[in-house]
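What follows is a group of structures, each given as structure tokens.
Shared chain: chain A. Partners: chain B in the first complex, chain C in the second.
Up next, the complex of A and B:
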């Protein structure tokens, strides 16, 4: 009994998740390389511990990170956990940039310094802690958007300050900044354009499927099968028909339709987007309470009026959920377009894989992941707000 | 319904025939080639690529099932409660990660070949299974939980005899989602030299041979449709059986 009474307050003082995070973080800090240094782009890296990179902040930085992991070990208020983890993440982001600059000999344009496994593991542990703090705070949609804006401002500020300029991925960016922005544009055009087209086509098709149950099975069946075709195959299969259309239909090539380029990727993403759009429209419309629809009929509304003024507005949150699914999926799938000459950030990912140049892969993958996250957070908040608006 | 079944059997028969004797289909694919390119991919046998593809997906999905269900059980026990909010958030955020990015980021750690593909499929496959298992285990009606507790079952008995059987159909749906996504994503693994059917598609893209792209895509698509349907059939069977079991349970309590 005494032992149990003695143990329970101790157990209550420690946060179980904090124990995992602190163990992972301290292991990464003291036993894993913080940076990897390479004499040129493609040779294997030399590991550098955090104390071997003077610019990373030396022992004060290590002490600060140790204290942060120590704080996370204990059971504290969610806001304290979030604050500690965010501050540590910010410190880590600055330390990795300054550390990289400090180990680079001046004027050496061949050497490449990348973040090492220690940095990534600490970043992962701290991101988990921050996510845990956020999840426990149970923020509303507007507050979540505020956090998103704060994170974006911090990242843009670090990028603008030039702290990261000596990191390998940023070196890759500097040598192809024009191409980066061009491909980013293409990527956004592919992802958003295909979603836009899918909304314009999918919502009316969904309305037809809702009104005519006989059509529904056939349409959803066909769209379901489209989803099972692997993305690289669908992208590839569209090259030939697109080339034919570009060559044979007047005006098509003026619109940029050709076998190589954006057109096959755009059509493939559109095809993948249709199923979630159509099925969410149908589910949303079916979820409208019968009373609402009956009341509208009683007021003498025509079918079209009921659809436009009652059914669609009430189904909107579910349709918006469909848009969220499709947009996040498209931002990821548009990476594959890089494989078939369709452009987008995938170009850097696949070039990087081919050259085994990881920083180049990161230059393509990190913006794509960041955009998918951002889109998911914004649209999730939008879905929640629109549900509240209806309720 | 019967037509659908017949269609499925035809798809299955065509698929098996193509995998075993692809050369028999050469005349069908010949019109898609140009400059006398071969209509059927022969560098590696389609059969061995299909088996390797299915093997990678099966291993990744099985491992993902064990870990994801295990973790979902852990965070829904009193011991793991502290991990619950984070697990929900991670399952939600993680699914916004593009599969290609997971694959590309696995290469530096694991090198080229089947390894990174297996790991990427495993990591990506965890999330739908975990999310479904979590939904199923946290969504059980309190009445069932209380009844199980009241009938004197221990925590372990409640888990094995009540919670898991009732959650099983929903967990199965998660496994289905994960397996179908993995089947398609595994083709991208061939960009990092994994032995999957993606090899056929990529060979077609590189040599401008639409016949290769089409046959690779069709085989993967047919596999996905059949596996999807197989899971759906199994799920409805299980739901009927657990539905019955749940009713039996209720009557035995009352």
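Up next, the complex of A and C:
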């Protein structure tokens, strides 16, 4: 029996996701404030519609955005969707900066202009359209890295041009730029350092678990329990033992080991990283084709040669997937370190929450999200490329 | 030469290989046939010590195989397995070079050896050296697998169902290539298979195994003509034993003087092929050619005589 499904003309013409994107975008454009203006950092904001901010481009910009959402509404080629969404995002990014400058009276250093819900919703809708277009294009790993580089170049160019300098989050940055870079460094050290330590420890432990099935259950069980401890609780639990080590082990305090600070944050992130590293190493090694591993033994490789030349290279894509999981997880989790004096971008997030200063929260949160995203894209491409080498 | 003496392997007190004694003369192919679970693979794997025996001994070219560490022993014994076992992340050249590299040969020698082996297995070195295993056909993978096993020029080659994953046409070709290469190199081969036809085609001697014991170890014609027990008979099947005997003899062995009608048959063909051709073309005899010249004939009567049970 042949089933024939008739599409109504309406179904054929409209893109399913496009309907949602267009509805959300047009609602945000016409019914939500594009900017929020505050007389100083902490008072509640006044909503400003896009047409109330002359610098945002006025009617021509609104017309352009309306047309863009109109294009996304209909079925079109993925490249058209990606192009439209990217152009609209770029326009939006410029409009928000120029719009903010235009409503600020010259010389007023107390007033704060932030992007409003209209901007965020449109940004979300367009980002969704762009990623959807990218996914439908089915780009190879190298092309995806190319897109990532293009996005980074665009963001750096906008930052360097000073278009965003009058936005509240950038004002927060300007008043603490030295602290920002210092905490960004700490954040990267925490996230990457813990991953590095987890690789150095986790891969050998994974190899031992693979070789000795009796050890495996115990090790993975303990790591599983660590993984289930809520992050804030784990940071708290580490205060007592780390303080004891700092106080009683000679030289430990000189290394900065104490109950609070960078050391317990590092240890906690490391502990969270271990399970994915160990279990991905074990799963990767177990996934090596049996006949390849048998042949290696039968041809006279020693255990170490077989591990180094056959098993580890063949398990590499799965181990790299583990590194990806752990790195993305750590970049996010390192924000919590701000709570226990460990530094990192979390400092701005928690200061911002305490002062109800959302722009300051964003100054901490947006770079962390951007770094996690970048790491995910780069490592995903790496995993795909390494799989190709094996196929 | 491989001498296996009173070899036993126990797993949990149960004998998987039970007091096996057999000798494979140098330069011969011994085929070990049996059903799954008969212990044939365990027996093979004890030769290169992938499995350590519970008791008994194995001597290869007069030396006990426990004289050197297991991994060094294995570097001097070729090993080819079902599904080829190529390393999927290394190209053909590197796969073949595995054992020479382990033995520390220098680079130029390894490279020359790789080219030599590829040529021997009818794979153009220029085209195939850099191919990855997934870019090869099933038959090519199998050939590279055997080439890799022979890379360091071992005097002994162990093969565990090497043709098991190939389709029938390619399998037949692979078997002929193996025979050809074995005749050229004079390698002693022990080959495990569950396929009696393959054993008859390849083996100079066949060991029939069941429940860990060797039921009969003899030349194929002896096994076909006089199976030692019911199990061996069952492995052989009774339906086509006459044709099996015919397949072991060549036309040259039944050649007689005289003439016959029609297209000639080459003297290296088997009597089975000759007999089939006679039935098909309704002839009582075929002319026989050798190197293009007619040298005599082969008759139905000669074939039938060769196919009957010897007293």
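We take it that the second predicted complex is superposed on the first by the 382 of 391 C-alpha atoms of A that agree within 3 Å, B and C clash if a C-alpha of one lies under 4 Å from a C-alpha of the other, contacts with A are read in each partner's own complex, and residues count from 1 in each chain.
One rule holds for everything that comes next: a residue touches a chain if its C-beta (ideal position, glycine included) is under 8 Å from a C-beta of that chain, and two chains touch if they have at least 3 such contacts.
Keep in mind that what you see is a predicted model, and the values were worked out from it rather than measured.
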item: Combined model on chain A where chain B meets chain C, clash or fit; value: fit
item: First (chain B), second (chain C), both or neither touched by A:269; value: neither
item: Contacts of A:93 with chain B and chain C, given as first, second, both or neither; value: neither
item: Angle, in degrees and to the nearest 10, that opens at chain A between the C-alpha centres of chain B and chain C; value: 80
item: Partner chain in contact with A:163 - chain B first, chain C second, else both or neither; value: neither
item: Which superposed partner A:292 touches (first chain B, second chain C, both, neither); value: second
item: Which of chain B and chain C A:225 touches, first, second, both or neither; value: first
item: First (chain B), second (chain C), both or neither touched by A:373; value: first
item: Touched partner set for A:65, first chain B, second chain C, both or neither; value: neither
item: Distance in angstrom between the closest Cα atoms of chain C and chain B, superposition on A; value: 24
item: Complex contact set, residues of chain B against chain A; value: 32, 80, 82-83, 85-86, 88-90, 93, 96-101, 104-105, 107-108, 180, 183-185, 187-188, 191-192, 198, 201-202, 204-205, 210, 213-214, 216-218, 220-221, 224-225, 228
item: Residues of chain C that touch chain A when the two form their complex; value: 48, 50, 71-76, 79, 81-89, 98-99, 102, 132, 134, 145, 148-149, 158
item: Contact set on chain A toward chain C in their complex; value: 289, 291-292, 294-302, 305, 309-310, 313-314, 389-391
item: Touch list for chain A against partner chain B, complex; value: 15-17, 128, 131-132, 134-136, 225, 228-234, 236-237, 239-240, 328, 331-333, 335-336, 339-340, 346, 349-350, 352-353, 356, 358, 361-362, 364-365, 368-369, 372-373, 375-376
